[in-house]
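Have a look at the structure below before the remarks.
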Amino acid sequence: MKFIHKYGAPKRFYQLAGTFIPWFAGITAVLFVSGLYLGLYWAPPDYQQGDAYRIMFVHVPNAWMSMMAYVIMASFAATGYIWNIRLADILARVSAPLGASFTLTALVTGSLWGKPMWGTYWVWDARLTSELILFFLYVGYMALQASIDDARRAAHASAILAIVGVVNIPIIHYSVYWWHTLHQPASLTLTNQPKIYATMLIPLIVMSLAFMFFYLTMLCVRARSEILLRERHTDWVRKLVEGKP
Amino acid sequence: MTWAQFLSMGGFAFYVWSAYGFTAVVVVLNIVQPLTHKRKVWQGLRRGLDDGEEERHEEAE
Amino acid sequence: MTADVLTAMRSVFGRELLVFWRRSTEVMTALVFFVIVTTLFPLAIGPERHELMLVAPGVLWVAALLATTLSLNHLFASDYQDGSLEQLLMSPHPLSLLVLAKMAAHWVLTGLPLALLSPLLAVQMALPAKAIGTLVVSLLLGTPTLTLIGAVPAALTLGVRGGGVLVSLLVLPLYTPVLIFGAEAVAASAGQGFASVAHLSLLGAFLALALSFAPWASSAALRVSLD
Amino acid sequence: MSDGLFAARGLACMRGDRTLFAGLSLELAEGQALHVRGPNGLGKTTLLRALCGLSRPARGEVRWRGELITDLADDFTAEVAYVGHLNGIQGDLTAGENLEVARRVFARRTTPPQVVSEALERVGLRAIADRPARYLSQGQKRRLALARLLVLRRPLWILDEPFTALDAASVVGLSALIGEHLAAGGLALIVSHQAFDIPGIEDFELARYSRTRK
């Protein structure tokens, strides 16, 4: 039996997510506060970059999350498309704006980190370039979703785009890396950032967990309103709406 | 470590704080926007959002 | 059974060429676009040969890529409007093979002429003679991949508002690996005579991957668009 | 009566987030035809497209000779001839070329070439066989689309508004054509707002399964 039963899933997810959101939100808040304290105050300055390296604690988690969110989005989209499960379509659709925000933050914090290190805001560094292309993939996904009225066709069409996209991500990633080494083989790049000491690893992990829980929380919040919209013709939604004045 | 020292971030105050500031803005936006959207959805449902959509379907066979 | 599929594919290929030939003005637009875009650059950068030479590989490849993107909607759009695409879905033969035949016809009418025309424009862009051979080979290897990859967004955006611009938004990120190694191959052989065989073999690898993936993906996309 | 050659059970289709109809079942055996009736907006076209496998129903199953059409895939489409709102005619090809393509691409068994001229003859388009299809009138284009039925020779005909743009004589001609098809053991599902008379055709009221709140 598929673990997500196609018809009952949206309603059960709505209720389940409803109970978990406060907990997730709480954990996110705690992680963020401790992550900021550890990253900005507790961790010692780097001998090479001084305090500028602290940008790493927001840049790296966002870069990871931008990649992870795309893979999660693509797998929800594929599940929704192949087994025709509406809940998966909804989770894929709401994951996109979050992933795009992570990518945008990674780009901006990356260039802000680049300035003190190389003197310019934008360096065609391999990681930033593939991050930028990932951002275009997100924008393409959301544009396709927005331009198709029929919810099911929009979900399935963008699912195919996400699957094609997720296949292309490693190819784009390595092409950009090889392209980069062809042109600037020797220079310091963001890829080989300063050696990570234990004191740096701890804030990095805490901040990464914080962003993961943040993603989880907001995914549930966005999914719940999307479920209400998509299931507005069902009885349980109608009862819900009439119930609450 | 005085407050001023902390703020100066070893001279990189502008870069560090704008990086964290931008991240904060994106995080807050990603909290506020879904919540306002949620309220709009509830208002729409209460007003019977689907009536509009029903007419639109009548013509498209 | 396979004989039927081959005849079906051959006749889809033949039909596409016949239809395009009768509408040859549309075919020419991609070629003329390629020529115009490449001629813009000397006007913008200036006529100095050594400057043009530096940008020539990139300009020629970007122009070829944009020309292909522009012509992507020739693949399905008119068949979608008159209903023959719907009939194609109702054919007893595997859709991905029929779509592959359509893509081959599209390449013969856009990718191939681009590659054959590129030497003229290479001369105009002061590309060293020794690199022109690599340019043609890289385009011959690269443009089929562009058509194959481009067929998926073209199928996804059928009948969608703003479909034309949307296709290029969806397709250009997917084109970056082909662009990188296509332009690199030409630049390598134009420059210090690096062996561009590495880049060309990568283009070949991309083509093989696209051949194995794109027909399935675009027929799935067609089924979704006509659902 | 044999268990229906072509059957649908518990079929439900949606448009956007709204369920058009649900729990729909129907059966067709050799020589039988159904006239799907119901006001606009109930999803008649959606039903026909779901039955011929063009669109995926939200729930339910469609079976041909007892097997699911999703499993049969191409083997099922080889048995169905679908005429939708669009004629499926390429304007740049002549009437004859359009049917020739249909013969080669869509007919699975190698059907003999003269089938094309016979089909053109039957729908009265023989005289303009080599005129580009874009110059044909709407009625002629519709007849050309119906001529494809003769070229494809498929047992199950699914026709969505086949009589549109046809003059009275052509309506009679097409009805006879369908009658012959049924007599030869074929099956047909027809949606049409125009009056036509085909012996033995039964009505199928879609309204019975409709879920759209009026």
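Labels A, B, C and D are assigned to the chains in the order they are written; within every chain, residues are numbered from 1.
In the analysis below, contacts are C-beta pairs under 8 Å (C-beta built on N, C-alpha and C of every residue); 3 or more make two chains touch, one makes a residue touch a chain.
Remember, it's a predicted structure, so these values are computed and weren't measured experimentally.
Among the remaining chains, those touching chain B and also chain D are A. Chain centres here are means of the Cα atoms, and by that rule the chain farthest away from chain A is D. With centres taken as mean Cα positions, chain C sits 40 Å from chain B. Mean C-alpha positions place chain C and chain D at a centre distance of 36 Å. Each chain gets one centre point, the mean of its Cα atoms, and the points for chain A and chain B are 15 Å apart.
If each chain is reduced to the centroid of its CA atoms, chain A and chain C end up 32 Å from each other.
Across the assembly, chain A contributes 152, 229, 232-233 as residues in contact with two or more other chains. For chain B, residues that reach two or more other chains under the stated contact definition are 50.
Within chain D, contacts with two or more other chains are made by residues 15-16, 18, 56. The residues of chain D lying in touch with chain A in their complex are 14-19, 56, 58. On the side of chain B, the complex with chain A involves touching residues 1, 6, 9-12, 15-16, 18-20, 22-23, 26-27, 29-31, 34-35, 37-38, 41-42, 45-46, 49-50. The residues of chain A lying in touch with chain C in their complex are 81, 133, 136-137, 139-140, 143-144, 147-148, 152-153, 156-158, 160-161, 163-165, 167-168, 171-172, 175-176, 178-179, 182. Across the complex, chain D is touched by residues 84, 149-152, 229-233 of chain A.
The part of chain A that touches chain B in the complex is made up of residues 36, 40-41, 45, 50-52, 54-55, 58-59, 62, 97-98, 101, 104-105, 108-109, 112-113, 115-116, 214, 218, 221-222, 224-225, 228-229, 232-233, 237, 241, 244.
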